[in-house]
Structure formats: structure tokens, C-alpha cells
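One chain, chain A, links the two complexes that follow: it is found with chain B in the first and with chain C in the second.
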Partner chain A sequence: MTVKEPMSALVKNPQGAPRKNTIIEARNVDVFYGKFQALKDINITMEENSVTAFIGPSGCGKSTFLRCFNRMNDYIDEFSIKGEVLIDNKKVYWKNVAVEELRKEVGMVFQKPNPFPKSIFDNVAYGLKIQGINDKTFVEERVVKSLKDVALWDEVKDEMKKSALALSGGQQQRLCIARTLAVKPKIILMDEPTSALDPISTAKIEELMFELKKEYTIVIVTHNMQQAGRISDKTAFFYMGDLVEYGDTKQIFTNPKKERTQNYITGRFG
Partner chain B sequence: MKFSEKIIVALLKFAASITIITTIGIIMVLLFETINFFKEVSFWEFITDKEWTPLFAQKHFGILPLVTGTLLTTLIAIMVALPVGLTIAVYLNMYAPKGFRKTVKPLLEVLAAIPTVVYGFFALSVVTPFLQSIYPDLAGFNALSAGIVMGIMIIPFVSSLSEDALYAVPKTLKEASFGMGSTRFQTSFKVMVPAASSGIIVSIILAISRAIGETMIVAIAAGQQPRFGFDPTVPIETITAYIVQVSMGDVPHGTLEYRTIFAAGITLFAFTFVLNSVSFWIKKRYQEKYD
Partner chain C sequence: MTHLDSELDQIKQQVIEMMSLVKSQLAKGKEAVLTFDKDLVHEINANENRVNAMELNIDRDVENVLALYSPVAVDLRFVMASFKISSDLERIGDNAVGIAKYINNVDVQLAQKNLDKIRFTEMYENALAMLDDVFEAFEKEDTKLARKVFIKDKVLNEINSNAANIAIELIKEKPEKIHNYLYLLSIIRKLERVGDLTKNIAEELIFYIEAKVLKHRKKK
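What follows is the complex of A and B.
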């Protein structure tokens, strides 16, 4: 089992600076849970191959917004949305959208590592299997490549048949990222992916994100201000359902335009 | 400790010990009578002879015909209850609206509350004539309709306990599967059912255990002819039905004929005891540990 293509071959626009295209766009998005309005008139665009961080106090709507991109809110009773969410210029909430297809394009990593109670191999191969891909060599190569991409391969290569639940929390989370990568999505949504992990595992995953953004667009929700500062290109600050401020991470953290942002990032509230 | 508290503790201990003493008492009686039985009949004959005719002039004491009768009706029952029960469990857990699940689950459990004599009569007077209209050679008493109706009776065992097992699977696994782009069907059968498999297996074993011990349905609808083999269209006799037959009949107490029911009873007890132990062991051993 070898990987044929080196990572660099897969980077889009290898010559010169990559041209940035808008891949995610929200227009006048309102979200309601019953009568409660969780998001108010959100407008935002995100570029390809960038890392965008959503920050803000608990209950500000950032996770809700993240879950609008792959429609994981569909399972919540009384959820309703107005406005448009566009991925690759396609309407996410259009009634004829095949949600399953959408989620193959927009992968998700959750707060708590949630590997399936299956072997390490079967976990990573899961997305391919449900798409009906049974070509053994292809699946094996993809599994190995995904595990290498998340720097887990060296740790698990001799025990691919072992249950994923036997791995440590940090390893499990990297496995969950590998599972998402295996189906080659365009976008990876991360909902506080390191909040349940120790500092070393967290550092590994942050390091990973630098590599991943060469191939993928990443949107991450985080409560960790330093993390947002370290890993993201752009930062969006949410407060009580409003998108208060959105801009280059450097600018948000050094020279915020709004006082509320200033107060939050300096730890005066939240 | 206060005197009144001592009385309370003593009362609680007494209440708890009643069940244990009863169990021990039953096992003792079973063992005692069975030992007496085996003084007259060889154990080898008991487990190898293919005829069971203790009430006839030409006596044979082979338990096998009763065992195959029991296994046959149980097998048919499980073949009905497992697919139906599991489908119901998956439907209630993965597809049905929350309110629907809350109303339907207790309603299903009502199936288990119907007196088994009603089921037996239903098998004999409804299911058998119906099956005869399709397959005219079916005997009036047969293992097939008794097994099918017994399967209907144990559906709630499978569906309710399996649904509990599915419900106990962490929500995060469901999210992970949906997040990967799985359909509901794929999530149900590739993630949820395997993750709940230990609980589902336990529910099946308990249902089997219930089917093996079931008496009234088979006594009414399956016949009273001990027959070695697995033909579902002819009258058979199960262990339980034989015990009923002798208990209700005019066999004098203390005779060898009378003791056969204890030998049959202990065989039945061995079956259900093993099954319950296995399910207990699986529950402890294979419960997936999620934090």
C-alpha cells in the first residue's frame, strides 16, 4: 500500500499565488428555533483554501451558523431558516438539494471525537463504502493517504484492524478528520474540534490545519482565542445572533473596529 | 440502631429472601424427583432415544422428540419476531416522529400483556384455518401456526429491548454518520444497529428464552404428539405442553410416569438457564463503553 501522488501535486494552482474564489456565501440569513431568533441577518463570504474562525461567547449562534453549511440543523425540531446559504454558488437550502450529496462536499468534525465502534480501517473507509465504492486497492490507498495526511499513519499502521475506540482522544479526533478527508470534501467544518483534547493533541491538530488548507477550505468554531489567532486567515465575531465583525484575523485581534469585539478578545466579557 | 429500624431491615431481608428460597426450593424438588426418575431410566436412553411414550404400554423415555418440538416452534417464532421486531425498533428510533414513538412503544408492549390462552385460541381457530386455505395438507394441530403466533407474541420483547439499545447509542455517532453523507437507511444499518448489537442480541436471547418456556399457545395449537423431527406441518409436542398434559391428566402421583415431568422440567430449566446466563454475560462483556 503506497501513496502515489505527493501532497503538493494536489494543491490547486501550483504556479504562482492561488487565485481566491468565493466558496461559501451567506445572504441575509435568519435562523429561528421556534420563536427564538438564533441568527440575525448574517452576510458573509469565505474564500477557497482559507481558514475562517468563528468566535464568540456560548449561545451566540456560531455553531448554529456552521451547521447551516451542511444542513446538520435539519434534525432539530422547530428549526427554520430565511435567506440564502450558497456553497459553490449552489443554494444549500433549495428544496431539491440532495443533503447526502451536499455533505460529501462539506465534511464535518465534531466537538467530541466520535469514531464508529468499528476498526480503524473501517472508520476511514466508511464514507467511501456508503458511496458504493468497493475497489479494494482504491479504498486502501485512500485510507492510507488520509491517515498520512492527519499524521496518524505511523501510529496505527500495524493495527488497522483494531477498534477505533481503543485509540486516545487526540488520535480519535485525528481519525475523525481522516474519515472526513477520505471522501475528499471541498470544505471541512470543525465545531470546537480541540475542546476535548489535551494541549499536545491540540497542537497536532492545529499544525494539521496549516497543511489541510492547501487542499481544503476550513471553517472552525472555537472558544480558544489564541487558537483562532494562530490558525485562521479570517475571523468572524458573533454576539447574540449578530455577526458583529468579520475581517482578517490580524486586524480583528490587533485593531478591531467594534468596541464589543475589543472587549471580547481582551477578555473583558464572554 | 433503633428497634423499629431493625424490624424494617428484617422485613426487607425477609421479602428479599422469599424469592431466593422459592428458587432454591423449586430446584431442589426438580433435582430430587429427577434423581428418582434416573434411578429407573438410564440417562443415556433419556438423551438418545428418539421416542417419548411414557404413558403408553410400550414405554420409551427419549426426550429428543420434545426437544425438537420445542426448538421447532421456537425457531419459527424467532423467524417471525426477529425481522419484524428489529424493523419496528429501527423505524421507531430512526424514522418515526418523537411523539409517535412515545405513543406506539407502550402500545406494542400491550401485545405482551394479552393472555397467552387468547393467543393459543387465535392460532388454533384463525391462523391454522387460514394457513390450511393456502396449504390444505396442514394438520389441524401443527407447529407452524403455533410458532407464528408465538412469534407475534414475542415481537415486543425484540422491538422494545432493541429500541432501548438503539436509543442508548450516543447521539454523536448518529451525527457522525449523517455528517459523512449517509442516508437514514445507511445510518440505521451500518452504524446504529452494529453499535447496538450487544443489546439487540440480548433482546433476541430473552425472546428465545420466553418462546422456549411458552406453554399455553403450543399446548392448544401444536398438538400432543411427541415426534422427532422438524416438520412444521404435523402435530408435535413441546416440553411445556407435555408437562401440562401430564399435570392435567390422571397420572397418579409418585409413579415413574409422573416423574417424567420433572425430568422434562429440568431439561427446560437447563435451556432457559443457559440462555439467560449467556445474555447476562453478553450484556456485561460486550456493552460498548462510551464516556
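What follows is the complex of A and C.
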């Protein structure tokens, strides 16, 4: 065969659907807090523009693993990691990585909405400001776009100067997501983002995730099984530091391969 | 036992109860044909309402469990299987009623030798044995028992496919009794349907127990 394939043919699978790229990868990751091993030999890959849910009982290591993707564990004294974490094929724990740059690419949303005691506008503009971006129109456009993306714009457009702390819990959480989006990350990590919210706000954030995955890759820790089922493409089940099972969410929730997964998702743990 | 477990167990008990009622309906149909006992026909008709009510009860409980507990994995498969099995059972019950109704239309008792010729008793006993197999399989969650029905169903199919020619022979011998033989043939056809429905139940059971969908496997 000497016929040259066009470049585009190389990135398509035989069915013609574009092949998705791996954006997050962990290879043989062990994590320790002092002598305590919190994660054991974790291997996983996640695709671009997908939603991956981490599930498992409290203390199994979900948050620890999530924080490895943007080095949020760096602040913990006793933390140490072995193995490789790769974002976009780049080693996250390479000594020359600029952590601030990494966190621009990998944003994070926490369980409790944590807006700054500043105006709505300043909250969303914050990431751009600390990057030294002062172009007023650019910043304004980004802020509006981000607020629109989280479906908050219509609710706050007339009171951008109001303190973010005056918003409801659900609005604050969407504001925090907007703040993350404003710096255009590739990946958004969410650690139980709806566990402090009422059902309506939760539904709004879930809808939002569905929209966001068109542009972003999302990894979410959730204790709500139905939420994992509704919003994620892939589900990873952790237990006592092990990644027990990882697969298509549909498969995990209809026909899990491991008995431990089955016991957990059906609420018969023990 | 969790709250959900007790709900699931309740559904299971209802399905088991429905199974035994439907089996007794079908068994009475056989007696009705063999003994020409029209009281049995009344009894089967009267019980038909109970079968229908049981299906509705199971449907309602399944709906509640789905809405309130969002079962997943093996629990979801169990609930789905129960839902389908109760519908199959209801249709088996319909066939029992259908068989009984033919007795009302036949004017004399069907001669044993003609019944034997068309292999009526053999077919009926196989159909009842298939039901026993799936019922036990359901109670014990045993796929081996469930799989037994596939071989037995082949016997039903064979008897069914020969039945038309035998009916023609019988009609040629005694053309004046044609309607009796046509009813007999209809009963054979209904038993064949019972076999298919029982096979469906076996497939649902295997799906629930092993999570393999046999139904979509290519026919050879």
C-alpha cells in the first residue's frame, strides 16, 4: 500500500467517528499521607469532553485523587506521591511545572460555594485580574460569557456590583463555576459540588454540566448515586484507596462486574 | 434486610403466588379437557379475575419501587424481570381460560385415543413441567433449572407442527365431528403459545440472574 492517507483519516476510527483524546491519565499512582497509603496503584485514563464520576464511601480517596490533577495536595505537609499523573500528556508532578499555569488549565469547584467577599463582577473577573489581564472590554466580555454559560446572567445582570455573598447557595455555586470558567480551563474538577444545595439548584448544576462538557472535561466526586448515573459518561468506584472498577456509567449501574461495586451502588455495603 | 430488600421480597412473593395460581389454572384446563368437566371451566373463568388483579398489583409495586428507590444493577434487573414475568404469566392465564372455553364449545368428550394420537397429554404435561421448572428457578435463583425449559419447548414445537396433519386425518375419518377436531387443534396451538411464554420467563430469569440477554442472540 503506497496510497497516502490524509491526516484526517489518522484521527478517525473505522466507523468515521472522531476518536477522543485522552486528557487525563494516571499511571501506577500511590499516594501517602505520612505512612498512611491513601491511594494504591491507580491506573486510569479519561477522555476529553467527558464527564467522569468518582464514587465510593467516605475516606476511600476520591478527593485525594481529584486533587492530584491540579496539585491541590501540595499544601499538605505529609503528602507524597509515586507514579505519574499526566494532563494533556504532560507530567503534573514534574519539578519544573508551573503550578499556577497548571491550575489555569485545571480548575476546581468545591463542596461549599466559596465566593470572595467582593462584588459578583469581581468574583468572576478575579482569575483574569491575578493573571494581570487589564483590558477592560476583554474582562467584561469574559465575565458576561462565563455568567451566561452557568445560566446565572439573567439573574444577576442588573446587580453586578452587589456582594456575591448576598446570592443564594445555588447561585453562589454557579458563580464559583463561572469564576472557574472565566480563565478558560480545559478541565474542571468538582468535589461534591451539589451536596450543600437544594434539589432545584442541584438540577441546574447538573444541566450545566451537560452543557459544559461540550467545551470542558469534567471530573466530579459525588455521593449521590443517581447524580452519577444522570450526569457522567464514565464512573470510577473507589474503595479503601483502590480503584475497584472503572467503566461506562451505564454498565456500572446496570451490570457491574465486581461484587463490591454492586454492593455499594445497591446500598448493601458491608 | 434493608427497606428496599423488603420491598423486593414482597414483589418476589407476589410473583411466586401468581405463578402458582397460573399453574393451577393451566392444570385445571387439562383436567377439563380430559374429564369434560364444565364446572372446572367455570372455576377457571372465575379465577381469571384474580390472575389479572395480581398482575396489576405487581405492576403497581414495581412502579413504586422504581419511583421511590431508583434501584440499580441486580435490583433493577430483578424489578424489570418481575414486571415482564407477571405480564407473561397473565398471558399464560389467558391461554388457560381459552383452553377451558373450547370445552364449552365441544359437544362430546374428546376420545382418549384421538387425544393420544395428537399427543395432547404429552404436550400438556411438558408445558406444565416447563412452568414448574421456571417457578423453581425463580424461587431458587437457579439458571440451570431455567435452562431446562428450552429443551422441553422443542417437544412442544414438534407436537404442534405435526398436529395439523393429525387433525386432518381425524377430520377425514369423521367429517361430522370437524368442529371438535378444530377446537382440539386450537388447544394444541394455545399450548404452544404457553411454551413460548414460559420460555420468555426463563429468559427474563436468566437476564436477571446472569445479566445476559439471551433474547437477542442470533437464531441458528
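Everything that follows uses one rule, which is that the second predicted complex is superposed on the first by the 250 of 270 C-alpha atoms of A that agree within 3 Å, B and C clash if a C-alpha of one lies under 4 Å from a C-alpha of the other, contacts with A are read in each partner's own complex, and residues count from 1 in each chain.
Note that in this section a contact is a pair of C-beta atoms (placed from the backbone, for glycine too) under 8 Å apart; a residue touches a chain by one contact, two chains touch by 3 or more.
As the structure is a prediction and not an experimental result, all values here were calculated from the model.
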Inset, instruction - After aligning the two structures on chain A, examine chain B and chain C and state clash or fit. - result: fit
Legend entry - chain B versus chain C as contact partner of A:P193, first or second or both or neither: neither
Inset, instruction - With the two complexes superposed on chain A, say which partner A:M108 touches: chain B (first), chain C (second), both, or neither. - result: first
Inset, instruction - With both structures superposed, pick whichever of chain B and chain C touches the larger number of chain A residues. - result: B
Inset, instruction - With the two complexes superposed on chain A, say which partner A:P256 touches: chain B (first), chain C (second), both, or neither. - result: second
Legend entry - Which of chain B and chain C A:G241 touches, first, second, both or neither: neither
Inset, instruction - May I ask you to decide whether A:K118 touches chain B, chain C, both, or neither, giving the answer as first, second, both or neither? - result: first
Inset, instruction - Considering only touches as defined above, state whether A:Q226 meets chain B (first), chain C (second), both or neither. - result: second
Legend entry - chain B versus chain C as contact partner of A:G61, first or second or both or neither: neither
Inset, instruction - Considering only C-alpha atoms, give the closest distance between chain B and chain C in the superposition, rounded to the nearest Å. - result: 33
Inset, instruction - Provide the residue numbers of chain A that touch chain C in the complex, in ascending order. - result: 225-226, 229, 253-256, 261-262, 265-268
Legend entry - Of chain B, residues touching chain A in the complex: 98, 170, 172-173, 175-183, 186, 190-191, 194-195, 288-289
Inset, instruction - Would you pull the chain C residues touching chain A in the complex into a rising list? - result: 2, 4-5, 70-77, 211
Inset, instruction - Enumerate the contact residues on chain A facing chain B in the complex. - result: 70, 72, 75, 77, 99-104, 107-108, 110, 112, 114-118, 126-127, 129-131, 165, 176, 179-180, 183
